[in-house]
Every structure is written in structure tokens, then in C-alpha cells.
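In what follows, chain A forms one complex with chain B and a second complex with chain C.
After this line comes the complex of A and B, so read on.
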């Protein structure tokens, strides 16, 4: 059996269970200073004055960096990184000063003594579909078209016997990897060395070298172990820029970590979304119109447009379609990448709407989706490289016991609980970007794989080893793996579910070339025989096709009539994500995604305090994420999917497909249990309790 | 513990001796220093993680006198004389602690950042179960256990480990790991 497809245990598992795996902050070069961020306490206006005097007089304090004494930075296309460059404040929590001291305790206490006065302006913090400053951006995140119109949606809606018109909303969602963002920065002359909690050090190096005006080769960034990211550690964040800038100014190494509270503002988050969904169908269930108008927010300094309506463009066949995005700049922290940008909130809306349509038509929700399965990508007209949504739905229905389901809502009672089941479909792009990789053969029979992949908990380190072993036809134990360092051949960041496919293609190419080179090399030199690959040409030459992973989610929900509490005893996800390269780590990704989707559906709620003009619940005591007791045993299965039209790895990526459909499946199950359609996540008890029948 | 002289303009500190993983460590600590920061920044024991610094996530869980505590909510000066065990002190040389072994075998982690806390918390909860301590998930608190203490099931584990958050969503694999560890402990 090939090494690919084997459930190998994580290479770094032992380090992780013994505590020897070091994350970004866990290094203290000699002479290191600790940095503590001071954040703005107004949401809009300007800094009038900063008095650092008292802080500077405190023991151990070496420097207080403000807009007046910071280095001048270059704009690298992300205004979030232009820290301490002006008096301007655009949201509460923006960085206004950085205190550097000999110890953490000294830095933290001194930060509280930095006195900042402001000239405050009124702040605008409420998102609505009627906000006068809503605008159509030039494009969404990932450069998708802002609007797409096919046919005549209004006419189709007017003519259809069955229509749905509903608005769904999701609150701001904070990534909150367990490891807060952190950086250790050290200059050697004009060369900069960073240990950074990032999903991709090449991307980070591009950003950092641009911000500081350095040649990329004088910046080295490493991220050996990363404590989760979920998108928040994709782009470089202010922590890395602050550490590098401060280290330059004080001439000593500097380490910085966000507090958990700072994670709610300085590391990105998913914009709250509002989706106006309109569906029109014939009585037989065939869709005649799909309309998805999405609304979100950006910050005054940086535009990141959640592509909420984009997944709707590819899901179902309907002759008339409309998808639009409108955003408004509010005085709130800058939204950014969060697991499944676009798909996650967008599919919650669309797949809830499809459930409402199924009920209105009296058609089973699984069958309704199958009925509207498109033959080609409705948006581009391109063929799908493979599309096994129907297979996922059918297999899931069988495994979940769907056929026995009574479609009527609110009729299953078990003591004080109402019980229901729900389904939703999932889609996520299977993209690839160019990467490079080097494999070196040594005379002792070992091989070194060098590829600047990043393992943020996905199992990347293990999977790239398997791909290398497979390409060389050797056992995985013959491969030494080096990742997470810009000194290695450049590779894609871990994000957008494209990491494994991108790294894997480069590794396979290097492996094949090395095998060839070995044939003509009578004796491998002691220094080894190396091959460096680059997939830029192959990626550019890929034929245009619609490449996506698909999935179907099935959920059982129980709703407590006494309290309105929702529990989920059972979840099933069936996925079609191409070839599964390591079943053990892939399963963990699917299960982890479903767990986060469950958390989104039932728990996570970011509340804007209009008076303070900020999110009010900025910690784990008040921003609840799913804990052990909230998470059932999660059942995951995948279809064997051979797709010859994607990368040679055959894998479509598994980081996001597990998450994107989960919340809709939960909400649909809650409707089936109670008859109550919650169109505004999360489904907290207060949204149910008043409409629930008496338990007695 | 002898509070050192308070120098003008200087934060008070104390000379203390901490017993960590069976080793005495004498050090001068800032009285404000948490046990967590002392372990990580002073003793270079970075296995214990900081997820929130507020007692809300469990990443910093260590064992103090055999009981699990949030080291971020514990001042270093307050635990002088107590036996402190961190994730680095669980294994017996190269032999992993049964809980570490079970997490490894069950793939009870992804990024690994919550993992030392989950593991220390599990060691603590197994000791609590052994002593017969009930939990919210215990149906009948008057008859919780036989001579071996509480026999855990999935719901007991989920309840007792709920102070340890995992954003990667590795919970589903940790539950069988904890059950394996209790079984191993009883063999």
C-alpha cells in the first residue's frame, strides 16, 4: 500500500504531548525586552496627547513607542500594519503605544500608566441593510465579482407558485486560535529575524520586507509550531510589525504576545453578515430563481469584503440568479479571514432558505437539493472537475437514517425535550497556488524534504512527508522533513484549504525529478543530490474548470422546553474532497470544522456595545466557544473520489469543507424539532423560549 | 518566604524556592508574577501554555500538590513549598505518562496548544475520579463509586474536562483518550 492514504500519526505528536514543541513566543534571546500594547479607548477621532513620562519612570521600563517616535513604515497594502504612524484613530482598540520593559510584569503595569488624551468624534458602529453609507465594493475578498446577475430574478419570483423571501444574519465571529498572536524579533545589523505565529512565513516575509523597505533576503521568519490560526494568522498582524519596529529602535530583541482581549480587534475576524435570500420554484421543486443579497462591514482603514453570496453562485441550477455584496465602513476593528470566508455565513443563509423552501413545497430537503443539482457550474458554465454532492447527500441520508424521518416540525417529544433532524449541503473551492520544494538524497539512503509549508495543527508536516515518500517510492521513515522557515524553498501559506495541494504538487514534481537524476548519478555525493521544483508553470497552465469539494451535514438537535437550551447529540458529515491523503489527520480536520460550525450555530455571539463603540464581550468568559460538554461524538465519512482534473495529489483540501454547512444543518434541525425558524445566529435559548410550548 | 527590601521606585519581589517537577528552583520573583509566567519566562518551562491569562481556557493547567490549577490565576509566591508538576514532568524518562500516550494514540490534539493543559487536567481529573468525587454529569451522587472510584463514561469526561477549551475542535478524540487512560491506570 502506498504511503499516501495511510493514517500515520503526527510527526510532532510526541513534542506536543510532552510540552517540548515550541511556539512563537517561547524563545527568549539574550537581552530580550517584553512589549505590551496600549490600545485606544475611543473609536473615532485623533490622539491629542500621549504622556509617557510616568511609565518611563517605572522600574525596568526602557522605551515607550508612540506615533511620535516610531519608525516610518511603508504601505504594503494593509493599513492594519501602519501602526503608530499618525494621530488618527478609526476604531476602539487600535494600537496607540507600545511599552518595552525588562519583564512582563513591568511592561504590563507601565502600559496602564501611559496617559493618552483624545479628540473624539462620533462613532458609527451599526450595520444594517439600509445604512446610508452602504456601497458596492470593486470586488470581494479573493477578487470575486461584487455582483452577478443572470436572467430576470424579479420576473421569476413574480411568476413562481412557491417562493421564499427571508433574511438571515450572523454576528461577527472571532477566530480565537488558542495560541494568541505572538512574535519574537531580533535584528542582526540590517537583517531581521522573526519567530512569528503565522500561517505562512513567505507571505509574512513579503509583507514585512515591504513594510520596512528591506530586501526579502534580509528577512528570515520561522514558525515551527503554530497554535491554530483559522485565517487570523494568514496575513501578518500588527504584533509582528510592532516587535520588529521596537527591536530596531531599542537595539535589543523584543517579544510580544497579544492578550486574549487583544485577539478581539487586532487579529481580524469575520464581519457580521446579513443575507437577503429569495428563492422561486415550480411546484415540482425545480428552482427558477435564486437571489442572495449580502451585506457586511469593513473598517474605515481597510477593506475586506466577506464574499458571502459567492458560494450561492455555484450551488444550484436556476435560470435566474442574482448575487450581490454591499458593505459599509464602520468604526469597528478590521474584518479579515476566518475559516471559510464567504462560504460559512453564505451557506448558513442559502441552506436555511433551501430548508424553508423544502417545507413550503412539501419535498424532502435531501431530494430538493438533488433535484436542483446543476450539470455544469451555473456561474462560469465550466464543467466541474468532479461534483459528488448528490453522493454525499445519499450516503449521508443512508448512514444517518434519514428515510425514517417524519417531515413535520415540532411533533417529536422525549420528556422535556423536542427532537428534530436537519440537513445542509457544503461547497468549498479546491484551489492551488504555485509552490517550490527541494528534496535531497543522501548516500545513507535518507532523504530531506525542504518545503516552506506551515503546520497550524492540520497535520501538514506529516502529510508532506507522506507525499515525498510516495513520490520517491520509499517508506515515510526515510524522509526528514523541514518546514516553517523562509530559509527553505518558498511555498504557499496554510489557508484557503489549498496548502496540501500546493505543497504536494511541488513535492511530487521534485520527487519525480530526483528519481530521474538518481538514475544517471552513479554515486550520491556526501553533500547529497538535490532537486528543486517549482510549479508556477503547471499551475498557470491548468485548464479552466470548476474545482470544488462538497459535503453534506446531518444533525440531530434536542431543545429543552424548560430552558430553550439546544443540545446536539449527533452529527454526521459526509464529504467528497478528492483523495484523502492521511485519514487520521483529515478526519481531525473534518471533525474540527464541524465542531467550529456547531460553536457558530449555538454559542458564538459578538455583541456591539453602541456606547463603548466596540465589541463588549472580548474574552472566553463572555464570548463562548464550544467546550467539551457541548460537543457530541461526531461521525465523519468520505467518498472515494478520484479526480484527474485537479492537482496530481488528488486531494481537494479539507480545512474548511467540514465547517461551512454545519450551522445551517443545526438551525434546520432546530426548526424540525420546534417549528421555530431562527434566522439570526447564534441559536441562544432566548430566541426559542418564548415561542416554545409549555413543558407541562 | 522573605520579602526582600523594597527599593525606592522598585516593584517588591521575593526570594522563593519552587519545587517544580521534583526539582528545587530558587529564584527572586516579582510578587506580581503568575506561576504561569514564572514557569514560562523564568524557568524556561514553556510546555505550559497561555491562552487567556484569566482562568477562562485551561491552557495553563498544572498540578499543584496533586490538584489541577490554572497557573495563570496562581501567584508564584503563593505556591512556595508545594509540589508543582507541569507537562514536562509527567513522563518517566522516555516513557510517556499513560495520559500522554493515550492522547498520542487517539490523536487527541491538532495544533497542540491546548494539549499540555488538557493532559494535566486529565491527570487531575483521573485522581479526582479515583477519590470518588462526583461531577455535574454524575447521575446519583450518593452512589458514585466502588473501591476504584468513579468509572468515567463519555459524558463524565466531557463534563470534567469542560474547563479546557480547544479551538481546533479535537474534543471528540480526547474523550476516548481519557477513557483509555483511566482503563490503563486500573490495569
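After this line comes the complex of A and C, so read on.
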């Protein structure tokens, strides 16, 4: 059997569980200073005065950086990174000062003594579909069209025998990887060296060199081990800029890490979303109209538009379709990427709407989806490279025992619980971006793979090794892997579920070229024989097609009539994501994604405090993420999917597809259990308790 | 955080003397609450007095079937004690319903009693909070109040006592034993906790300079058939939205004795004495229980965000008592 497809354990697993793997913050160059951030306590206005006198007099304190003494920075297209450049405050928690001291505790204590006064103005923090300042952005995140209109949705809605008109909302969602954002910065003359918790050091280098006006060659960024990101470590964050700036000003290395509380505000998060869904169908279940109007927020300084309605464009065949995005700038932290941007909140809305439609039509929700399966991508008119949603739904229904399901809601009682099941469909793009990779053969039979991939805990290091071994026809144990360093051949960031496909293609190309070169090289020199590949041309030459992974999620929910507490005893996800390169790490991604979707459905709730103009709950005691006890038996299966129209790796990416449909499946199961349709996540006991029948 | 001193006295007398000398000192037990609050800048002690080696970690029988639980007993050890599990099931269940295994291994009985509120504003030094900074105002009244009090709150504070163990102790009518320079004192748990009134900065009536030494749990026949029920936003590692500690003695379908305390609804563990009085002598039936709990809740003053706690209390209490009645003892 090829080494591809084998369930190899993570290369660095032992180091991680024994604590010897070093994350960015764990490095302490000689002379390092610790930095602590002072955050604004108003949400809108200007800094009147900053008094750092007391802080500077405290033991160990070396410097207090404010807008008055910070370096002037260049705009690299992300105003979040223009830290300490002006008096202006646009949201609570913005950086107003950075304290540098010999120890972490000295810096923390001194930060509490920096006194900042403000001229405060009223703050606006309330998202609504009628907000007077809503506007249509030029495009959404990832450059999708803001609006897309096909046919006449209004007419179709007017004419259809069955329609659904419902509004669904999701709260702001905070990524919260285990490892906080952290950077260690050190200058060597005019060269900058960063250890950074980032999903992609090439992207980070582009940003950092632009912000500081440095040639990219003089910036080196490394990220050997990264403790999760979920999108929040995609773009460079203020921590990296602050550390580099401070290190420059004090002439010593500087290290910084966010506290958990700081991560709620300085690391990005998913905008809250409101989705107005309207569906029209013939009595036989065929959709005649799909309308998805999405609303979200951006911050006053930076626009990031969650592409909530974009997945709806590719999901179902309907002659009349409308998808729009409107946003409003609020005095809250800047939204950014979070696992499945667009798909995650968008599919919660669409797939809840489809469940409501199935009930209104009296058609099984699995069958309703199959009935509306498009032959080609409804949005682009292009062929799908492969689309096995129907296969996922059918296989899932069989494995879950769906056929025995009584469609009526609120009729299954087991003791003090009501029991129900739900289904939802998933879609996520299978994209690829250019990468480079180098493989070197050595006379001793070993090979070195050098590719600037990033392993954010997914097992990427292991999978790139497998791809290299496969391309060379050798055992995985013959490969030494080097990743996570801008000194290596440039490669895609770990994100958008495109990492493995992008790195893998470059590795396969390098492997093939190296095998050829070896044929004509009688003796490998001691310094090794290297081949460098670049897939820019191949990626540009790909035919235009609709490339997506698909999946179906099935969930059982139990609702406690006494308390409104929801538990999920079992979940099943069946996925069609191309070739699965490592079943062990892929399964972890599917299960992890479904867990995060469960957490979104039942637990995670960022509470906006309108008075304080702030997210009120900013720690793990109050921002609840699913605990082990909440996570049921999660069953995952994938279809054998051969897709010759994607990259030669044959894989579609598995990082996000597991998450995106889960919340809808949970909400649909809760409806089936109780007859209560919760259209505003999370499904907390208070949203059910008063509508539940008496348990006695 | 602010630099602080650390002392580990060798005996209780030395600890009490040191505490009396140093008003800026705080007692350190497991540290699971205190150290968090120090990191947040909510607590800024100049000295920590470690009481972990004072030998307060035993569970001993008392006359009449009661027990004396040392203040230093770890939550895990309390919950695992076979005597406690048999005679006071609700107490073991309450402890196990709290926090996580790791925290319970560190957390002490004394520290658990004195854990501070989880009101979001108490922990956020950038916002007003009368409990943290008397006179600064209450941010919760017009802010996020979903978790906060519906009973016994005041204009100055709607914080809740967040703990579980003390709710069970309240139902059991436990007494708190503590030591000051003037000697040993024992106070009913009902008089130990207090309503916020105009002084929400005081969680309890414990005088300054006091070190809790033990908790006395009286032996009661009613406690053998008892349980603890906690409704929460996730299955573990979450504070209760509403919790119920209940003990019931039934004869021939008629309530002979009942103990009922509520958590998550007030500034203190809320002993539901009115409901208890309504229930005794009545049949264990839905209508009677609901009438009793409605009497208890007649003075509930929920905010729009936490109004759900009222029906939640009703359902939880009713269900819990019916279940206890259906049990054939244990």
C-alpha cells in the first residue's frame, strides 16, 4: 500500500504530549523583555492623555510605548495592524500602550498603572437588519460578489404553493485556539527575526515587511509549532507588529502573548450574522426560489465581510435566486476569518430553512435535498469537478438509521426527555493556491523535504512527509521534513482548507522532477541533489470548474423537559472530500469540525453589553465551548471519491467541511424533538424552557 | 500582578495572629479562585498566608450522626468520602457538579465557601462594580444579567453566589466554624451568607481576620434521601443557571420532612424555607409542590434576561422532589 492513505501518527505527537515541543512564546533570547498590552476602556473617541510616569518608575520597567513615541508604520491594507499610530479609538480593547519590563509580572503590574484619559463619544454596537448605516460592501471576504440575482425571486415566492420566510441569527464567535497569539521579536541590525504564532509565515512576512517598509529578504519568520488558529492566526495580528516595533525601539528582543481576555478583541472573530431566508417550492418539493439576505458587522477601521450567503449560491437548483450581503460598521473589534467563514453561519440558516420547508411540504428532509440537487453549479454554470452530496446523504441515512424516522415533531418521549433527529448538508470550496517545494536526495538514501507549510496542530507535517514519500516511492521514514520557516521554499498558509492540496501539488512536482534528475545523475554529491518546484503555472492553467467538498451531518438530540438542557448523544458525518491522504489526521479534522459546530449550536455565546459597548464575556468560564461531557459519540465516514479535476493529490481539504453543516443539523434535531424552532443560536435552555410541555 | 509576600504559618494560632497584623493579607488555600482574581487585578493582597499545612484536612464524626469537615479538605476528597456519600448524598453530588476534576483536586472546603461571584463585571476592572469597588455603580443592572440573581438582590448588586457545595450545606443547615484572635466561633450557614443590601462588597458575615476551620453538618434522617440537581449551559465545567439541593422524607405519600435550597438565584445559597413550610404535611404531588415553590418565588424580581430562571426553578424543584419521592430510600 502506498504511504498515502496510511493512518500515520503525527510526527511531533510525542513532543507535544510530553511538553518538549516549543511554541513561539517559549523561546527566550538573551536580554529579552516582556511586553504587556494596555487596552482602551472606551469604544469610541480619542485619547486625551496617557500618563506613563508611574509605570516607568516601577521596578524592571524599561519602556512604555504609546502613540506618541511609536514608530510610524505603513498601511499594509489592514488597519488592525496600524497600532499606536493615533489618538483615535474605535472599539473597546484597542491597544493604547505597551509596557516593556524585565519580567512578565513587572510588565503586567506596570500596565495596570498606566493612566489613560479619553474624550469619549457615543458608541454604536447593535447589529440589526434595519440599522440606518447598513451598506453594500464592494465585495465580501475572499472577493465574492456582494449581491447575486438570478430570475425573479419575488414573483416565484408569490406564485409558489409552499414558501418559507424565516430569519436566523448567530452571535459573534471567537476562534480561541489553545495557544494564544504570541510573538518573539529580535532585530539583527536592520534584519528582523520573528517567532510567531501564525498559520502562514510567508503571508506574515509579506505583511510585516510592508508594515515596516523592509525588503522581504530581511525578515525571517518561523512557526515550528502552532497551537491552533481556526483562521485567527491567518492574517498577521497586532502582537507581531507590537513586538517588532518595541524590539526596534528598545534595542532588545521582546516577547508578547495575548491573555485569553485579549484574544476576545485583538485576534479577530466571526461577525454575528443575521440571515433572512426565503424559499419557494412546488408541492412536489422542487425549489422555485431561494433567497438569502445576509447581514453582518465590520469595525470602523477595517472591513471584513463574512460571506454568509455565498454557500447558498452553490447548494440547490432553483431558477430564481437572490443572495445579498449588507454590513454596518460598529464600535466593536474587527471581525476576521473563523473556521468556515461564510459557510458556517450561512449553512446554519439555509439548512434550517430547508428543514422548515421539508416539514411544510411533508417531504423527508433527506429526499428534499436530493430532489433539488443541481446538475451544474447554479451560480457559475460550470460543471462540478465532482459532487457527491447525494451519496453522502444516502450513505448517512443508511448508517444513521434514518429510514425508521417518524417525521412528526415532539412525539418521542423517553423519561423526562424529548428525543429527535436532524440532518443538514454541507459544502466547502476545494481551492488551491501556488506553492513551491524543494526535495533533496542524499547519498545515504535519505531525502529532505523543505516546504514552508505550517502545522497548526492538524498533522500537516506528517501529511507532507507522506506525500513526499509517495512521490518518490520510498518509505515515509526516509524523509526529513522542514516546515514553518520563511527561509524555506515559499508555500501557502494553512487555511481555507487548501493547505494540503497546495503544498502537496508542489511536493509531488518536486518529487517527480527529482526522480527524473536521479536517473541522469550517476552519483549523488555529498551536498545532495535538489529540485525546487513551483506550481504557479499549473494553478493558473486549471480549467474553470466548480470544485467543492460535500458532506451530510446527522444528529440525535435529547431535550430535558425539566430544564431545557439539550444533549446530543450521537452525531454522524459522511463526507466526500476527495482522496483521504491520512485517515487518522483527516478523521481528527472531521471530528474536530463537528465538535466546533456542536459547540456553536449549543454553547458559544458572545454577549454584547450595549452600555459598556463591549463583549461582556471574555474568558473560558463565561464564554462556553463544548466540554468533553457535551461531545457525544461522533461517527465519521467518507466516500471513496476520485476526482481527476482537482490537484494531483486528489484531496479536497478537510479542515472546514466537518464544521459547516453541524449547527443546522443540531437545531433541526432539537426541532424534531420538541417542535420548537430556535432561529437564534446558541440553543440555550432559556430559549426552550417556557415553550416546553410539562414534564410531569 | 502586584508583588506580594508569602508565609506558611506552622499552626492556626500563628496564622490568626499574622492575619490580624496584616490587613492587606489574604488566606491562600487551593488558590483556584484567589490567584485568578489576583491575575485580573481584582484582588491585590500584599501577603498570602498559606493555610494548607494547618492540619485542617480531616472529616470526623460528630455526636448525633453529624460530621465535621475540615476547611482544608479537598473538594475531591469530600465528594469521595464514603460516609458523606452514604449519609449526605446531596453534598457529594453538589461537590461533583462543580468545576472540573483538576480544580476539585486543588479546591478546599473553606475556599469553596468563600469563592467570589461570577458576575462578569466583578471580574472586569475596567467597568464599575459595587462589589469590587463600593460606590462605583452596578454595571449588571442595565448590562448582562442572564446569570444573575432573581431573589434578594438590591439596587446596588444583583450578583449571585456561584457555588454548588454551599447550596447543599445550606439545605442541610450546616454551621461554619472559624477562628479569630478572640477564639473559636460557630455560625449557622444561613447567617454566614448575606443579602447584598447596601454593602455588596461583603459576601459573608465572616469578620476580618477570621480563618475558617471547619464545617459542621448535623445528622438528619431526612438527608439520607437527598439529591442535587444543576441546570447549566454545558454538561460540565459550568456554573449553574439554577441548582436545587433537596432532601425529602415521605410517609404514606405525605411529606414528613423536607429540605430545599436553591443555587444560582441569589447573593447567597437560598434556603427555601417558605416552600419547605408549605410542603410539610402535604402530599407529594405536582400541584402542592408548585404552590410551595410559587410561594418561595413570590418575591422574585427577575430582569428580562434572567426571567427564565423563575420557570426553571419551578420545573427543577418539582421534578427533583417527585424523583426523590419515587425513590425507595437509598
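Keep this in mind: the second predicted complex is superposed on the first by the 696 of 696 C-alpha atoms of A that agree within 3 Å, B and C clash if a C-alpha of one lies under 4 Å from a C-alpha of the other, contacts with A are read in each partner's own complex, and residues count from 1 in each chain.
We adopt the following convention: a residue touches a chain if its C-beta (ideal position, glycine included) is under 8 Å from a C-beta of that chain, and two chains touch if they have at least 3 such contacts.
Note that the structure is predicted; figures quoted are calculated from it, not measured.
Of the two partner chains placed around the shared chain by superposition, neither chain B nor chain C is touched by A:84. Looking at the shared chain after the overlay, A:611 reaches chain C, while chain B stays out of its contact range. Once the two complexes are laid over each other on the shared chain, residue contacts for A:279 go to neither chain B nor chain C. Within the superposed three-chain model, A:628 lies in touch with chain B and with chain C [touch as defined at top].
Within the superposed three-chain model, A:349 lies out of touch with both chain B and chain C [touch as defined at top].
By the touch criterion defined above, A:22 lies against chain B but remains apart from chain C after alignment on the C-alpha atoms of chain A.
Comparing chain B with chain C, the partner in contact with more residues of chain A is B. By the document's definition of touching, of the two partners only chain C reaches A:416; chain B does not. In the superposed pair of complexes, A:228 makes contact with chain B only, with no contact to chain C. After overlaying the two complexes on the shared chain, residue contacts for A:109 are found with chain B and with chain C alike.
Comparing the two interfaces of chain A, the one with chain B and the one with chain C have residues 105, 109, 619, 621, 626-629 in common.
Per the touch definition, chain A reaches chain B in the complex via residues 9-10, 12-23, 25-26, 28, 57-60, 103-106, 109, 176-180, 225-228, 230, 257, 259-260, 456-459, 584-585, 588-589, 591-596, 599, 619-621, 625-629, 631-634.
Those residues of chain A that touch chain C in the shared complex are 39, 41, 105, 108-109, 112, 416, 561-565, 567, 602-603, 605, 607, 609-612, 616-619, 621-622, 624, 626-630, 684-686, 689-690, 695-696. By the touch criterion stated above, chain C contacts chain A in their complex at residues 1-3, 41, 118, 120-121, 123-127, 139, 142-144, 146, 231-239, 241-242, 286, 308, 311-312, 315-316, 318-319, 322.
Of all the residues in chain B, the ones that touch chain A in their complex are 9-11, 30, 32-33, 37, 40-41, 44-54, 56-57, 59, 86-88, 90-91, 96, 100-101, 103-105, 107, 109-116, 119, 137, 154-155, 157-159, 161-175.
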